[in-house]
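Presented sequentially are two complexes of chain A, the first with chain B as partner and the second with chain C.
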Partner chain A sequence: MTSSSVPSRKVLSKIASNRLQKEVMEWQTNPPAGFKYKVNDSLQRWIIEVTGAPGTLYTGETYQLQVDFPEHYPMEAPQVIFIPPAPLHPHIYSNGHICLDILYDSWSPAMTVSSVCISILSMLSSSPAKERPADNDRYVRNCRNGRSPKETRWWFHDDKV
Partner chain B sequence: MDPEEDMHDARGESSQEEEDFYSEGYPSDGEDEDDDGDDAGYDFVDNDSDDPSTDVRRLQQNYTTLNEENISQRQADDINRVSTVLSIKRWEACVLLRHYNWSVSKVHDEWFADEENVRKTVGLLEKHIEMPNKRELTCGICFENYPRDTMKASPCGHPFCFSCWRGYISTSINDGPGCLMLRCPDPTCRAAVGLDMVDSMASREDREKYARYLRRSYVEDNRKTKWCPAPGCEYAVEFVMGSGSYDVCCKCSYSFCWNCTEEAHRPVDCGTVARWILKNSAESENMNWILANSKPCPKCKRPIEKNQGCMHITCTPPCKFEFCWLCLGPWTEHGERTGGFYACNRYESAKQEGAYDESERRREMAKNSLERYTHYYERWAANQSSRQKALTDLQALQNEKLEKLSDRQSQPESQLKFITDAWLQIVECRRVLKWTYAYGFYLHENEHAKRQFFEYLQGEAESGLERLHQCAEKELQVYLEAETPLKDFNDFRTKLAGLTSVTRNYFENLVRALESGLNDVGPSNSQAGSNQAACSKSSSSKSLAPGKSKSGKSRTGGAATSSRSGSSRGMDDSIWTCDSCTCTNPKSNSHCQACDRHR
Partner chain C sequence: MPRENSNCSRSTASSGNGRGRRRVQPVEVEPPFIDVDAIDVDDDDDDVIIVSPSRTRAPASNVSRRRPVVLLDDDVVEEVNPRPSGVAIEEEVSIVSGNNHNKRVRISPSAGGSAYQLVPRTKVIEIQPEPPQPVPVEVPPPPPPKEPTFSCPICLNQLTEPCSTTCGHVFCQSCIKASIQAQKKCPTCRKKLNKNSFHRLYLPNTVN
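Right after this comes the complex of A and B.
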């Protein structure tokens, strides 16, 4: 993985780490179907394995999500990207950036990693075709210098997929 | 589609407006006649007074300047009104008004048409739901447990702890004006979070910020009000829509156009001003970049740079207008039908029809006109700086010179108002003159007759103004420096006051003539019936005769009027210019209409 996914690392606030500890506990007792939390020593960066849901274009395929938490999580949204190779999907760029409103404008502090994961899986499951976004090459070129997807101004135009 | 194309569009509209102006101009000229009639009645009473109708026109302001207190007061009044009429809480009324851009009537209309739907869109619940009735509740954000009475919820009953509420509200306030449309943090819930929650939980600093956003929104989202654009000015101006001239003068003394918020620019229309200003921006590279890479949001007009992504653009909150980058049409009309999300058939087909090549060609032509542009720009800028200088002079005059003059010439300062008036007139005339150069720049080169007439009028205006400026500047000097009162000071007064009034009339008429697009000249109105053309010719050329001062003294007979109207074409040999006051008179008059001096 290149530097492109490293957010400005500030230590988690007390509120953030308390809340993340609760989320870890909740995840352990009640993990979302299709996801595996790969334990590491950092509370601030989670690596999660996704398995494509049965009966969809991604059946059996596995991908890795990288979730980075900002200092003021959950008031601020986490940064969520696929670690390349990212699934072929009209809303997922080849550098792993995901065009999904709840990760940006529509984030709410009442959401959790688990609820984000479920949204991403549902986005994958409803994909009509395995293809990249039309502007993939241009976007990825613009992102080269380590831009976080949170700095992108996204426009969300498709509520079907 | 590119911004320049928009400008052309804007100009197209404005020229249509000009036509409207033109057609409305006729009846209003009729009104002028009525005024004259009224005038005749007043003549018995007060022979020397200025035309009363002009005074009335000046007093009838179509705008009001508002300070911070006025704004808050009006906002509170509107909130109270809605709250009373709809029997809802004040914070709810506030959320509603914000959603409908502070239009009380719109709120009432929508509410009474479909209350349920309005409540749903805005997030106002009809029944307040209590938080779960347990001793301890879990906060939906930090997932900690707290006693029920330390938790708070919107009317939707989703409980959050005090500190999470505070963080949630604070984050949203610091994100910008979108905080005025805050919803419950629960992602499944759309309940509004309003002023009462903010006031009861946010820090003082955040509360003040929120109040500032509210006030700003009241001015910016309201169709009736705008901020005064002068740097550092905190007044807003409320404008009565559809009430004629957009020129307003803020209490800070800055004059601006309420429509486009550029400085006051009569007689030039807003589209022309926008083009002119863009053209003037020294960094032409920069300008080319703006043209090539950004477009104004079709709804709120803020420039938007597109750096990546598909053609579907959503403007930043609170505008949030969704549109197509290519055709600038609303996104709701797009989809597979128009070529999918990444292309727009409307744009492509318009391009094939040549609609967009046209703008390219115009752009090309503009490039070739650099020299012409420089000519106009230099004169535009010269009048601008001359105006600035006149403003400084006026200030110096008011600060010290008038006092000195009053001393030297043994005149009470109240008797010296004519000097201030003269300078105010100079400032105004410089402003008008300045914009006539932008007008001239955009006047079509093919319209020779119009251009000639325009240049004639502009030249007259310029020399008239020079005369006034000279008198107010140089001749005044003599009286300022005299050791003892000079006998002819009263003559000076008469001359300067006369010049001021003549110049004012000339410029007012000039503005009117240019605003009507010089419609009495040239073949541009080939469609208009010859009858109407003749009418407009007579009315407009009449209004152009600068001496149409309405003071009793200078009123001329009907015969003179008709001969004037007949003379509009052969301008040069059918008129004469008064040596004393520069006023233009019809040949048939032996005395100047303005100053009554013999030819």
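Right after this comes the complex of A and C.
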């Protein structure tokens, strides 16, 4: 589990924890379809269970997402990774890192955990084949000492999956 | 309070005829009920109220004895202050008493002892050994429509000091400031923004 990278464990700002409390409440009344969030005592790290959508390559499979929030969330993006074993997907590395622009360059403070989850499920659902990214081995080797995917300089080349 | 919804206010006013004279005719079984509110004190035609036990217009000789009448209005001095409504008085008198020889009716506070009773002015309440009139239940007015509240997409709270970007998206002032500092684009539509690309909004109240 080299991938469960150590997030910068700075305590959440007041704005961040207020906003996360709002998100928890909203999630509890209106959770996104296909996701289960087991509420634990840590507001700063959410473990979310994803179930593959019916009629897709991942139907019925379940995976776990780990969401870590930075001190200045939502001005800064959360770190979102799959806890290995990660789903086989052309944009998901075996260490759980996800190549998805909204998690990095295209993050917006108007996005929420819920909206990110829906984007990830959408990405899974549109997969044409269960395969790893072509550069999987090289990339995983490079982040061996638990590097955060937020430090990766991603190249978002595929707007179809 | 919407009167038509109230079951217990039964108006005995005979509306519709131009005279607007009110006749209170208690049914024997039920306690008579006079809706005092329904009687318009200021109506000039309302000078005479006849309290009689039935529709037969029998000489009201018994009425005053059988049913005590309380005059709430001390404006009894009809003869002192004759009004245009004197005609109405005449008619009533002739109907009730059949006594035509006295066209001008003099009303005095002691009229209760005469063969008929004319009650000048309006407010008449019959007191009977019955429970008091049921008080109409107050229907609470519907609550005023709620003011719409909008939440900020960044803090998810109600907007404080709402501001609009040049692209028209609305956030709290502190939220959009911090957001533009973090990245120079609109949180909602990603349009390029700089630190002056928003302005305060002063939302109006709603109108009902």
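We take it that the second predicted complex is superposed on the first by the 157 of 161 C-alpha atoms of A that agree within 3 Å, B and C clash if a C-alpha of one lies under 4 Å from a C-alpha of the other, contacts with A are read in each partner's own complex, and residues count from 1 in each chain.
By our rule, contacts are C-beta pairs under 8 Å (C-beta built on N, C-alpha and C of every residue); 3 or more make two chains touch, one makes a residue touch a chain.
Here the structure is a predicted model, which means the values were calculated and not measured.
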Room on chain A for both chain B and chain C (clash or fit): clash
First, second, both or neither for A:142, with chain B first and chain C second: first
First (chain B), second (chain C), both or neither touched by A:109: both
Touching partner for A:75 - first (chain B), second (chain C), both, neither: both
Which superposed partner A:22 touches (first chain B, second chain C, both, neither): both
Chain B or chain C, by number of chain A residues touched: B
Stretch in clash, chain B with chain C, out of 169-177, 349-357 or 421-429: 169-177
Set intersection of chain A contacts, chain C complex versus chain B complex: 15, 18-19, 22-23, 26, 72, 74-76, 106, 108-110
Residue ranges of chain C touching chain A (in the complex, touch as defined): 153-157, 175, 178-179, 181-183, 185, 187-188, 190
Chain C-facing residues of chain A, complex: 15, 18-19, 22-23, 26, 72, 74-76, 106, 108-110, 112
Chain B to chain A touching residues, read off their complex: 140-144, 158, 160, 163-164, 167-168, 171, 185-187, 307-310, 312-314, 322, 331, 341-342
Footprint of chain B on chain A - complex, ascending: 15, 18-19, 22-23, 26, 72, 74-76, 102, 106, 108-111, 115, 133-135, 138-139, 142, 152-158
